[in-house]
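Take a look at the structures below.
Here come two complexes built around subunit A, the first alongside subunit B, the second alongside subunit C.
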Partner chain A sequence: MMKGFDSLLVQSGFFHMTLGMLVMWVIAFVLIYLAIAKDFEPLLLLPIGFGILLANLPLSDLMQPGQGLLWRFYHHGIQWEIIPPLIFLGLGALTDFRPMLANPRLIFLGAAAQGGVYVTFFVARWAGLSLVQAASIGIIGGADGPTTIYLTSKLAPELLGSAAVAAYSYMALVPIIQPPIMKGLTTKAERVIRMKKGRKPSNLEVIMFPLATTIVVVLLVPPAAALISMFMLGNLFREAKVVDRLTKASQNELLNIVTIFLGLPVGATMNADTFLRPRAILIFLLGLVAFGVSTACGVLMAKGMNLVSSNKINPLIGAAGVSAVPMSARVVHKVGSEADKKNYLLMYAMGPNVAGVIGTVIAAGVFLTLLR
Partner chain B sequence: MREAVSVFVTGIVGVFAGMALLYLTVRLNAFVAGKIDAWRASRGEPAAEPKAPVEDQLP
Partner chain C sequence: MDEEMLAPLAGQVLSIKCAVGDAVEEDAEMIVIEALKMETPVFAPCDGTVKEIRVKEGDYVEEDDLLVILST
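What follows is the complex of A and B.
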């Protein structure tokens, strides 16, 4: 009988715990704490944190290839490229492109903010990472979680957990990371610039936009088709206003369900053996560089456009070119209102903000075209 | 590193080219939508207005 108890104890997880697993538990608890107590991207960091905990419980076989529950979520949801495009469907149904259509030149701020993606790619390669790993880290600068996950799962799946956590962590830290860069690169006189109101796009125009954009972007970068097509389909649902049930389902039920099945397996890829390496720290540092450079590039682009245009842009809105929607637009508005309380920048900042989402998808498509 | 430089340059140029194309698309889209709305108005039809949502239709 004692032998039976011995056998039960030896085969329990307690006897297979390692120091690394305990460290990963701490990381999981920190993410769960940040999500619950500090409201840091809770929709993603909470399931990711729980996924990390599950992946570091010994003998649980949840990530056992071919058998484990979380492995099935990961394999069929992420490796099969289903979940990130479905997230984009929901995001498209939530996105209003009118601020961008009202003032199309703001699209170039969304383009400039991808500068951080490529600068970080170059720095990461210089730091010794492979081309595909460097691309997966660079894309963090786009501040777009699903695109980061999509690209990393295709190019460097071994970095998926670290890259996703870095992306969502920095997106939560946008209000801390961006303002010093924005203030450092602009003068008080620039921060108080009031922008002219753009025209009002017609209903027909907003309905035609997702169709036209799908054609153009897919023709330009076919590997980005899954993301951009779902994004634009969601937006067409929203703007056509004849499929209200589909719009609401995309915005709510579908988006919420796939968010669960995205976060859990992404967290579960972070086991102690693969995560607790100096490389993870490097990824987090490079992710910070990517966010910072993207912010700076957007602001500098706006300043550059002001040199050649009489219709001045408040350069703060360049920072919204990173596609952390709508967090970075809110940060722009807050920093702008510190300089001039009556300057309402939020709607102007939404233009580069939504353009940045498309810019990041194009950047991912370019990486896939060149490196896959 | 030579390949990294190549991807870096191609990537930045590619993104700006793509976004410039998006800019032209938005401009062209606004122009075409404006022309269609004007044509409809000349025929006495109202500009495209959102329809009432269809709630009870089964897929």
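What follows is the complex of A and C.
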């Protein structure tokens, strides 16, 4: 009788816990706490935190290749590249490109703010990471979660958990990371610049935009096709205004469902053995560099454009070129209204913001073209 | 003379902080518009008395829609 009890205990998970697993529990609980108590990207960090916990319970076969439940979500959802493009379908149905079309030169800000992606790529190379790892870390600077997950799962799957957690954490920290950089690079006189109203894009333009973008981007960088095509299809649903049911399904039900199956397995890739290495800290540091440099590049690009154009841009909106939609546009608006409370930058900042999403997808496509 | 207060951005009218007949000072908070889940206050363009309020809470407004007429 006692013997049977003993073997039950030994076969339970308790005897197989390691210190590393306990550390991972702490990380999981911190993320879950931040998500619940601090509203810290809860849609992603809550399932990711729970996934981390599950991955660090010994003897469960949840991540066992070929049989575990979470492994199946991971394999069929992320390795098969299904979930990130479906997220993009929903985002496309949620995105209004009018602020960008109203003021097309703001596209340059969205492009410039990808600077951090490339700068960090070279810094990471210099720090001794491989080409594919450097690209996966650099893309964090684009501030686009699904793109980071898509690229990392294709190029450096061993970094997936860390890169995704870094990307989503920094997105939650946009209101803390960006303002000091924005204020440091601008003068008060620049921050109070009021933008000249853009034109009103016609309905034909907003319908033609997703079609034209799909053609141009897929011809230019074919590996970006999966993300950009779904993004633009969602946007076409939205702007065509005849498939309301599809638009709503993409924006709500589908997006919410795939979000569940994105966060959970991404968290589950973070077991103690693969995550608890000095590399994880390096990734978080480099991710922060990427974010900061991208913000600075956007602001500096706006200042550069002001040198040659008489129609002045408020350089703060350059910071919205990172694709954290709409968080960074909100941050721009807030910093702008601190300088002049009657300056409404929100909608102008949405221009570079949505352009930045396309910019990050293109950056991912460039990496895939060059590195695969 | 009448002064028109226009919507600085598109969004939903969340709350109206003034009533017809109120005397308001320049920069007083008149209306709060919600756009992109962010509350944006709209301030009085000049001193004056509220003559007419053209929107109600819950209305969706476009950029440059007329919100309030002030007589100065």
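The criterion applied here is as follows: the second predicted complex is superposed on the first by the 372 of 372 C-alpha atoms of A that agree within 3 Å, B and C clash if a C-alpha of one lies under 4 Å from a C-alpha of the other, contacts with A are read in each partner's own complex, and residues count from 1 in each chain.
We adopt the following convention: a residue touches a chain if its C-beta (ideal position, glycine included) is under 8 Å from a C-beta of that chain, and two chains touch if they have at least 3 such contacts.
All of these numbers come straight from a predicted model, not from anything done at the bench.
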Of subunit C and subunit B, partner touching more subunit A residues: B
Partner chain(s) touched by A:3 [first = subunit B, second = subunit C, both, neither]: neither
Subunit B versus subunit C as contact partner of A:196, first or second or both or neither: neither
Subunit B versus subunit C as contact partner of A:330, first or second or both or neither: second
Which superposed partner A:188 touches (first subunit B, second subunit C, both, neither): neither
Contacts of A:344 with subunit B and subunit C, given as first, second, both or neither: second
Subunit A positions touched by subunit B in one structure and by subunit C in the second: none
Complex contacts: residues of subunit B adjacent to subunit A: 1, 3-5, 7-8, 10-12, 14-23, 25-30, 32-34, 36-37, 47-51, 53-55
Complex contacts: residues of subunit A adjacent to subunit C: 197, 326, 329-330, 333, 341-342, 344, 346-347, 350
Touching residues on subunit A, where the partner in the complex is subunit B: 100-101, 104-105, 107-108, 110-111, 114-115, 117-118, 121-122, 125-126, 131, 134-135, 201-205, 207-209, 212-213, 216-217, 220-221, 241-245, 355, 358-359, 362-363, 365-367, 369-371
Complex interface listing, subunit C residues touching subunit A: 8-10, 27, 35-38, 40-41, 43, 63
